[in-house]
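Same chain, two partners: chain A is paired with chain B first, then with chain C.
Presenting the complex of A and B:
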């Protein structure tokens, strides 16, 4: 067990260093210069030498005037002090501050929609696999849902429920006439604004999970062990439980990976419903060569994916006896 | 296992609800709310009369009939309220103009300066500018605004070269600021650039000395300046990821002079896409949208929204879209080729198709309609260009550009192939459509031009580094002087990085001298200015190093369900805009003129 964990942790640490290095490197390979973008519109009256002075000043401020290797070392030094730098696109906001403000919106939107869609999708898929009538209905619907371009579905939802029926707002995380307070009015307003973006994410995810689960269950029910159990005269319930337990494994991996990238936000949702979040900022950061914000976002994405993977490893020990057995064999 | 999953799930839902509930609250934290209250309290202490302290608790909802909802200025979350931070303030439009004010405002529609903090200002001799402030000016914390504050602000530029207005001292010619009395200042210049100085009059925000004098250089140049204390008509109230909220300053010194701005609250909304802004306008959730909305002409015709002009172009013109040609590259170094290109570009299609008639074709001089008195009609009639493919072909042939290899495109006189690229940032859909038309119409005239859309950052680097072939740029906004545009077009000297103009690196000392001469003409000398701009236009149209194409609009569409009396062609008193940098050019005046649709 310990050996298994030590090895895993070592691999994850190595992956982390490598991934973060790439994360640091890639923005710097992009064509463009963050400070020039920052100063681009200072045209009012300043002459060329003044702009050069401003450029030098800001370059020094961000440490971008140093040789690359020095910048790289400084990056790690700052990272271990918990300092992700200052965003150039949202100057002078520290990157950590940008993330702290934007990520809660994504979590509020994505965690419930991912979990609920996963839960509902798997169950519907499992049921559909056993019921011909349901299968004939759920399967085509799920295929349509997963194949729907998300942008299109979102705009359709916003247009129909937001503009035609006027049931839901089409922009913002809460009314533009409200200030956040601890009141029912505010909480209800928050949920009211949350519903459409949530529903759009849920619908799309739901279809994907349902199809996956249905196919897995059918596969498992056809597997040798199911046939053997049937031949032994085991009750259908028991067989289905075994099938479900096996079929859920890849779905758990999928879920963890999906949760791991929450920090990347939900760009299209944010754009369609004008919902605040990190996706839109990340896009703007990339377009503006905001090295620090890009690094910060991807750092958390890397962490998210690694942690998710690590959790899967742990969860598998619990849910998959084969993993446990493998470990025992290993240490023996 | 199912039960476990269910309970874990419920817990996660609860946790996420909790997280999210904290989420929006993190932006305007309770601490900050308290701070705002404090600011307002300070106001009461000094001007005790009108308000009772109970009315000072920050509201949790803004009444619809007292609130103006706007969008189109901010494209990202608010990050700074520092009036000296270049380029960042669009996301907190209002920081300069609503909170911080200027010596003068400028009305581009009448080409007149409006004395603002200053009561008057004039050149007493060719190198001395005397400015007298109004009496009774106050900061929003109740302290008086005096000549000391103006002197302090001007001198910040001398002390810190990293501030954007430091060229006031190194370039414009300011050498000394002396206080004459409480409200009067004497500014001494050496070889003053009059045109540039007057541009500063309505662009340099004045900050309070008592709050800024102890700040470090870092704080002044890069600080976020939260909870700004200014002198203007509005105060900072709160902000979140997708909004900025301003509240009227009931003690604003300008109320007796200019009148009280009608909306008590301004909620400036950042929409993530134009579709959302359009939907909100149609639903009546936005009073004024300053976004570029492509289909707005149809909606205006059907009466869903109002625009400045009832018919095309619907919008006022805000800046000129200019095609910069990289004169260091062949064949763009040949004036004859450049002139032929000007005739080959199908501007009418850009106006009709790419913009669906929301814009106007530009004058060949490049000057905005508000500056049209500086157009030399004779020069333009003689040297101007219009879309004419046949003529462009003829001009190319005359200059020796012929299709030698039979691929349908001309080759240079020396036989080398011509392959050019016209660029604009990816995602700027109107410009992308426009450069497609530029490319296809040039191809029709036999010039091989292809359109390309690099990311903004890459585009900007190519622009400033001079590695592009041809690109669009519109960085000269409405201004008090034609010099602003010509300074953008013919900025000099040529450096490794051209950050603020002359991106095509056009070198012509004669042109540089003409632009410099224009900068030195006193603004009262309109005849002199006209003579100077005429010479510039003559040389520019002969050499054609840049091609002005069309005027981008001052995008504005509004509804009248809550607020009426917007400016329009019949009532052209101000600009219907919330863009950063435009409050002092009529944006604030629009707010003052607004009337509630339903009288309370």
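Presenting the complex of A and C:
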């Protein structure tokens, strides 16, 4: 058990270092640089030498005049002190402050949509597996849903429910006329704005899980332990329950594998609905070449995906005795 | 008679038509009898074994009657059959290695299975433990997952589970095939012990290994291409087989003390017919050295001596 966990933590730490390094590297491959971008936006001076002076000043301030390897080391040093730098796009707000404002919206959008889609998809798939009529209807629908790009469905929902029917707002996390407070009006408004982005994430993931579960249940019902129970006259209820318990295991692994895809889907959905989460922020950061904000956003995504995967590893130990027993052996 | 099977016919439904896997099976088994059911792969022996307890699609009941202890089994109706399964008829499957739910502790699985059949686990537990002792499994296995048991242990565990409710008929399907020779013998002897302790009344042991049957079976039923060829007490089948197929089958077994470098082991030339569209008449006709015009008609399965049944025109002729 201990060995298994140490090994997992080691792998996750290594992944973290690699991912963060790539995250640091990629913005720096972009043409142009954040300081010039920032100065162009404020356009304080027209004099070329004045701009050059300001450029040098800010470059020194952000540490961008140093050689790359030095910048890299500084980045890690700062990171361990919990310092993600200062955003050039939202200058002079520290990146960590910007993220703190965005993360609750992500959690609010992602956690319910991922978990509910997983739960509902699995249950629907299991029901579809034993009802021919439901199966004929759900399966093709699920294939269409799971193949739909997130942003396309988002646009479609926004157009239909937002513009044609006018039922839901299509942008923002709450109305511009309101200020965030803990009042019923605000909470209802928040939910009203939350619904469409949530629905577009939920619907697509739901399709994928339903297909997976349906196929797994059919496979498990054909498995030999199911046949043995049938031969011993066990009621369908017991056989189905066993099949479900076995079929859910690959779906848990699937959740770990798909998390990355879902998070990427959430990014584009947030852009479609101008939802002020990390995805929306990331787009703005990239457009403004804000190295520090890009790094910060990716850092959060990396951490989120890794932590979620680790949690799933732990859950797996609980639900599948075979992993637990396997841990004492060589393969642990 | 404990088990009486009359004219049992089961087909496999396929896209290309019905496969005549079992036709006109008529035989009976006496109380306390262990009947071996042998034949080559695809001859319908597993179909016969399974049709007495559960018909999985594409298996389809066509005709026939099965009487167990004088009561007719509704084998065509899977729902009604549930009442008889496990309590009256039980099965040790070919796939004993994978027969238990991999993510349940064995004891817990047995408990859930028993309770689903309306049996109190705590009442059965002392007997269950006694039987574990009998097959030399520790009581600890009830707290283990199937993955923690070896192949032989799983086999014995499944034997205990299947016979737990003292069924009248126990069908053991190819249970020794996956085991090494030493374990085979132990498992086969356990079957006999189960009968001797009266856990089960009668037993059908399906196998293609006649040497195992020689050790444990009271009688042997030989099948060929979906029909019964011969049934007789074990001694008669081995020493004086009547059906040409049985004779050739027995003579193709290796014997102890014979060096097969000197004497080439003879097989049976040819292949069994395809059962999708089986030939009329005796199905062994094409491979039979004794075949003559009468064999174009299907031979009945008749008793030519006491307890010795055979389906061959030549034999009827010599006894007529």
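Just so we're on the same page, the second predicted complex is superposed on the first by the 308 of 332 C-alpha atoms of A that agree within 3 Å, B and C clash if a C-alpha of one lies under 4 Å from a C-alpha of the other, contacts with A are read in each partner's own complex, and residues count from 1 in each chain.
Just so we're on the same page, a residue touches a chain if its C-beta (ideal position, glycine included) is under 8 Å from a C-beta of that chain, and two chains touch if they have at least 3 such contacts.
All values derive from a computational prediction rather than experimental measurement.
*Asks:* Using the superposition on chain A, decide if chain B and chain C clash or fit.
*Replies:* After superposition on chain A, which the two structures share, chain B sits beside chain C with no clash.
*Asks:* Is A:67 contacted by the first partner chain B, the second partner chain C, both or neither?
*Replies:* neither
*Asks:* Where does A:242 make contact in the superposed view: on chain B (first), on chain C (second), on both, or on neither?
*Replies:* So A:242 only meets chain C here.
*Asks:* Just chain B (first), just chain C (second), both, or neither: which does A:230 touch?
*Replies:* Once the two structures are laid over each other on A, A:230 reaches chain C alone.
*Asks:* Does the superposition put A:321 against chain B (first), chain C (second), both, or neither?
*Replies:* So A:321 only meets chain C here.
*Asks:* Is the number of chain A residues in contact higher for chain B or for chain C?
*Replies:* B
*Asks:* Under the stated touch criterion, which partner chain does A:287 make contact with: chain B (first), chain C (second), both, or neither?
*Replies:* first
*Asks:* Does chain B (first) or chain C (second) touch A:174, or do both, or does neither?
*Replies:* Only chain B is touched by A:174; chain C is not.
*Asks:* Rounded to a whole Å, what is the shortest Cα gap between chain B and chain C in the overlaid structures?
*Replies:* 13 Å.
*Asks:* Same chain A residues contacting chain B and chain C, which ones?
*Replies:* 245
*Asks:* Which positions of chain A touch chain C when the two form their complex?
*Replies:* Result: residues 223-225, 227-235, 237-238, 242, 245-246, 249, 319-322, 325 of chain A touch chain C.
*Asks:* Would you tell me which residues of chain B are touching chain A in their complex?
*Replies:* These residues of chain B touch chain A: 1, 5-6, 9, 12-13, 15-17, 19-28, 33, 58-64, 67, 69, 75-77, 79-80, 85-88, 91, 161-162, 164-168, 170-172, 196, 199-200, 203, 221-224, 238, 240-243, 245, 267, 269-273, 275-276, 279-280, 282-283, 285, 427, 454-458, 460-462, 464, 475-476, 487-488, 491, 493, 495, 497-501.
*Asks:* Under the stated contact criterion, what part of chain A meets chain B in this complex?
*Replies:* 30-34, 36-55, 57-58, 61, 87, 89-93, 98, 100-102, 104-105, 107-108, 111-112, 115-116, 119, 155, 158-159, 162-163, 166, 169-183, 185-187, 190, 194, 245, 270-276, 280-281, 284, 286-289
*Asks:* Spell out the residues on chain C that touch chain A in their complex, using ranges where they run on.
*Replies:* Against chain A, chain C makes touches at 53-54, 56, 81-87, 90-91, 93, 95, 98-105, 112-113, 116-117, 145, 147-148, 158, 161-162.
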